[in-house]
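What follows is a pair of complexes built around chain A, which joins chain B in one and chain C in the other.
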Partner chain A sequence: MNRLIILACFMLCGGQQLVAQKVIARQGRIAFFSYTPVENIKAENNQVLSIIDLSNGRIAVSMLMNAFIFEKALMREHFNESYVESDMYPKATFEGELLDFDPLLKEVQTRIIKGNFTMHGVSQTLEIKTKIDYIDGSYEVSGSFEAMVDDYEIKIPPLLAGNIAKVISVDFKFEYEPYQEE
Partner chain B sequence: MSPIKKNKIVLVIVLFLAVLSGSAQDLLQILEEERPEQLQYAEATFKTTRISFGHSVETRKKGILEIFVANRFWDSPAERSQGFFADRLSTRFALEYAATDRLSAGLGGTTWDGIFDGFLKYRLIRQSAGKDGSPVSLTLFQNASYYSEGESDPAIADAFADRLSFTTQALIASKITRNFSLQLAPTYVHKGLSFYGEPNQDHFALGVGGRYKLGRHLSFVSEYYWLLNPAEAPQTYGPFSIGVNWEIGDVMLQFMLTNAVNMVEEAFITGTRNNFNFRSPNLNFGFNMAYVIHFKRNLRNLPQK
Partner chain C sequence: MVAVTLVLVGVLSWWYINRPDRFTYANNRPLIEITVDNMGDYFKPNTATTTLKPEQLVEIEGRIKEINTLNNRHTILIKGTLDASPYIICDMQTGQEKELELLKENDTIKVKGIFKGFLKDAVFLNCIVTHHNLNE
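Showing the complex of A and B:
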């Protein structure tokens, strides 16, 4: 019976260790750019949340669409009101996996992140080449990818078609710290 | 197996499952719990600072200069008139600047009635969701206007101070659905000049306005001001409008049909001489254009990591 209790304790502790093997980024940065001959549109979100479960390489990202800061205040209003419709779809999320990620490797590794990116109520499978750096005991994940406006059912009126690029380039950078679970 | 031992095994299994389910918790779920609580403000109750002729609760964001040109076209009642497109035209040119996200000021001049006006607009409460949020937006509006036309009637006192009129409004609006917004505007007007021996210089009115979004960039708008104590003579009518607002990037266009000739608050609220119908000169075609210039660039000075 005593042995059973010890076993239970061991399992609990082991489990706790597993749980503690998560890292979180609370001020992740995502920026996107739309370059056209008419107008360049640039926006940045400094409040992106991301978490990695180091035990299995699973990663999740969540951001509020209305937290994007634009060069012009009116662009932000148009972005939220007319394009991504952030009252109906307030968040964009990503859920996926860091393929072949080795959390014990204390140097730069380039890996593929594969998963589903959901924005404007539309999910797309993405494969993103990512740089994972290990700096001062924490991970830093950065990379970039391109997103087609059409893929997310975002409609651009013909009159403004020249102002907004069909392909938007997205940069991201997350600095993680150990995640303490209550 | 003794019942006690059996219980212990069950306990261990339960503990194990509890630990397992804890570690397998959905990552996105964790992120949701990590997100700091924030009030989500209702964006764009109206798309412009005007519903049609009257002010809306909206103010421009800090550092935006709006170049605002409002036009009214109408026909003279003459049987045969030879004006091209329209017999008469009145234009109000104005510059409106947002000093902060809440405070705006504007200066304008109108060609037809010779009224020069200035206003201050302060966004006091913003509509937001959640238990600490407000279901309505409240914007305070104050203007002063100067009537510059010559006055030949010696019975009318027309010193500088007599020519000033003031309008005070509390603009209360709610974005009820994502497409439909409604605004109430209790209004107080102090008229400067008193024509025809009108003793009543203080007027109260209630404005009602709404917009319905027809598309992402186009909305249908209508507005009416109900004057509680109109002047005794000449007879005036409540200004009414129906129209559409259309936004194209940095340009906002408003098209409307209205019976209000004037474009400054005190003048169209208390001085609209014609009722709304399709006869000349009652019917006015209104066309407003606003062009915004951003003097504040938000991505400058943003902390870079």
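Showing the complex of A and C:
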């Protein structure tokens, strides 16, 4: 009986430890696309940081706005200097929660991430449908959403208004690994 | 003469608008040089922002923690004397593949790259390998 109690305690503690851990993605990917008849613009950022606390489903994302890669130098310059003003607003962040996420479920889950996305000094509440995959002991989170340029007070010069879509498509993918806080 | 000038202006304008986003600074002297020994000083919390500015060309000497191809990019993670965060994340320029084939974990290398900022690690883009096998 005592052995059963001890075994039950070990199993309970082991389960709690698994739920309590955090996972980190240092090289998450966020890409955005702007489609217009005049010009298609796409850019990606491959050094997006994200941490998930598996015990409560809290997720945080942070990215450097000047780390987006463009095909053309002029696009990058306009993006950083005129649109997102990355010298004044160097980072975009997201803080939220993976709703109804079960970290013990070792199969694909489709869940909603709800939280606040802050870019160019403006915060918006987002709810994003997300796919969470459990692969080889770690998680892969991916999804997409649309963002209105005007919602983030991004000013497009009238001369270039035709080159930038009012609604931007955003894709993201994060591959997480266990995170040991130092 | 006017026609030639107009054509020249047109060509230059076309080049300026469509120039690819690439960097050629193999022979450029970096503004800052960071080594394995002083890496920790640059990347302690609240110090990186005062010593390194975004868009600065930096040369880093350090040991390879990891080489990966996440997101279909070639990336080197560099560590200092301690194998602990913050690391240096170097997103390599295209054309560095042959250099990367010669590298492995724990090799000491020098890379040049453009500092972009600091998250949990220091992020550098457009990196090129300037020296490898420094520990031989």
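Rule of thumb we're sticking to: the second predicted complex is superposed on the first by the 162 of 182 C-alpha atoms of A that agree within 3 Å, B and C clash if a C-alpha of one lies under 4 Å from a C-alpha of the other, contacts with A are read in each partner's own complex, and residues count from 1 in each chain.
Convention: a contact is a pair of C-beta atoms (placed from the backbone, for glycine too) under 8 Å apart; a residue touches a chain by one contact, two chains touch by 3 or more.
Worth saying up front: this structure is predicted, and the values here are computed from it rather than measured.
Participant: Following the overlay on chain A, give me a clash-or-fit verdict for chain B and chain C.
Facilitator: Aligned on chain A, chain C clashes with chain B.
Participant: Just to be sure I read the superposition right, which of the two partners does A:Ile135 touch: chain B = first, chain C = second, or both, or neither?
Facilitator: Neither partner.
Participant: Look at A:Lys42 in the shared chain and tell me whether it touches chain B only, chain C only, both, or neither; answer first, second, both or neither.
Facilitator: Only chain B; A:Lys42 stays clear of chain C.
Participant: Mind working out whether A:Arg29 is in touch with chain B, chain C, both or neither, as first, second, both or neither?
Facilitator: Both partners.
Participant: Would you check which partner chain A:Val122 touches, where first means chain B only, second means chain C only, and both and neither mean what they say?
Facilitator: Neither partner.
Participant: After superposition on the shared chain, which partner residues are touched by A:Glu71: those of chain B (first), chain C (second), both, or neither?
Facilitator: Both partners.
Participant: If we overlay the two complexes on their shared chain A, which of chain B and chain C does A:Leu160 touch? Say first, second, both or neither.
Facilitator: first
Participant: Tell me which touches more residues of chain A here: chain C or chain B.
Facilitator: B
Participant: Touch test for A:Val108: chain B only (first), chain C only (second), both, or neither?
Facilitator: neither
Participant: Would you indicate which of the stretches 60-68, 168-176 or 258-266 belonging to chain B has clashing C-alpha atoms with chain C?
Facilitator: Clashing stretch: 60-68.
Participant: I'd like to check the shared interface: which positions of chain A are touched by both chain B and chain C across the two complexes?
Facilitator: The overlap between the chain B and chain C interfaces on chain A comprises residues 24, 26, 29, 44, 46, 49, 62, 64, 66, 69-74, 76, 86-87, 90, 173, 175.
Participant: Can you list the chain C residues touching chain A in their complex?
Facilitator: Checking each residue of chain C against chain A gives 16-22, 54-55, 68, 70-71, 73, 75, 77, 84-85, 87, 89, 91, 116-117, 119-121, 123, 125.
Participant: Can you check the complex and tell me which residues of chain A touch chain C?
Facilitator: Result: residues 24, 26-27, 29, 44, 46-47, 49, 62-64, 66-67, 69-76, 86-87, 90-91, 173, 175, 182 of chain A touch chain C.
Participant: Quick check on the complex: what are the chain B residues that touch chain A?
Facilitator: Listed in rising order, the residues of chain B that touch chain A are 4-5, 8-9, 11-12, 15-16, 19-20, 22-23, 27-28, 30-32, 34-35, 38, 40, 43-44, 47, 60-64, 178, 216-217, 247-250, 292, 294, 296-299, 302-303, 305.
Participant: Sort out for me which residues of chain A touch chain B in the complex.
Facilitator: Checking each residue of chain A against chain B gives 1, 4-5, 7-8, 11-12, 14-16, 18-19, 22, 24, 26, 29, 42-44, 46, 49-51, 53, 55, 58-62, 64, 66, 69-74, 76-78, 80-83, 86-88, 90, 93, 95, 155, 157, 159-160, 163, 173, 175, 179, 181.
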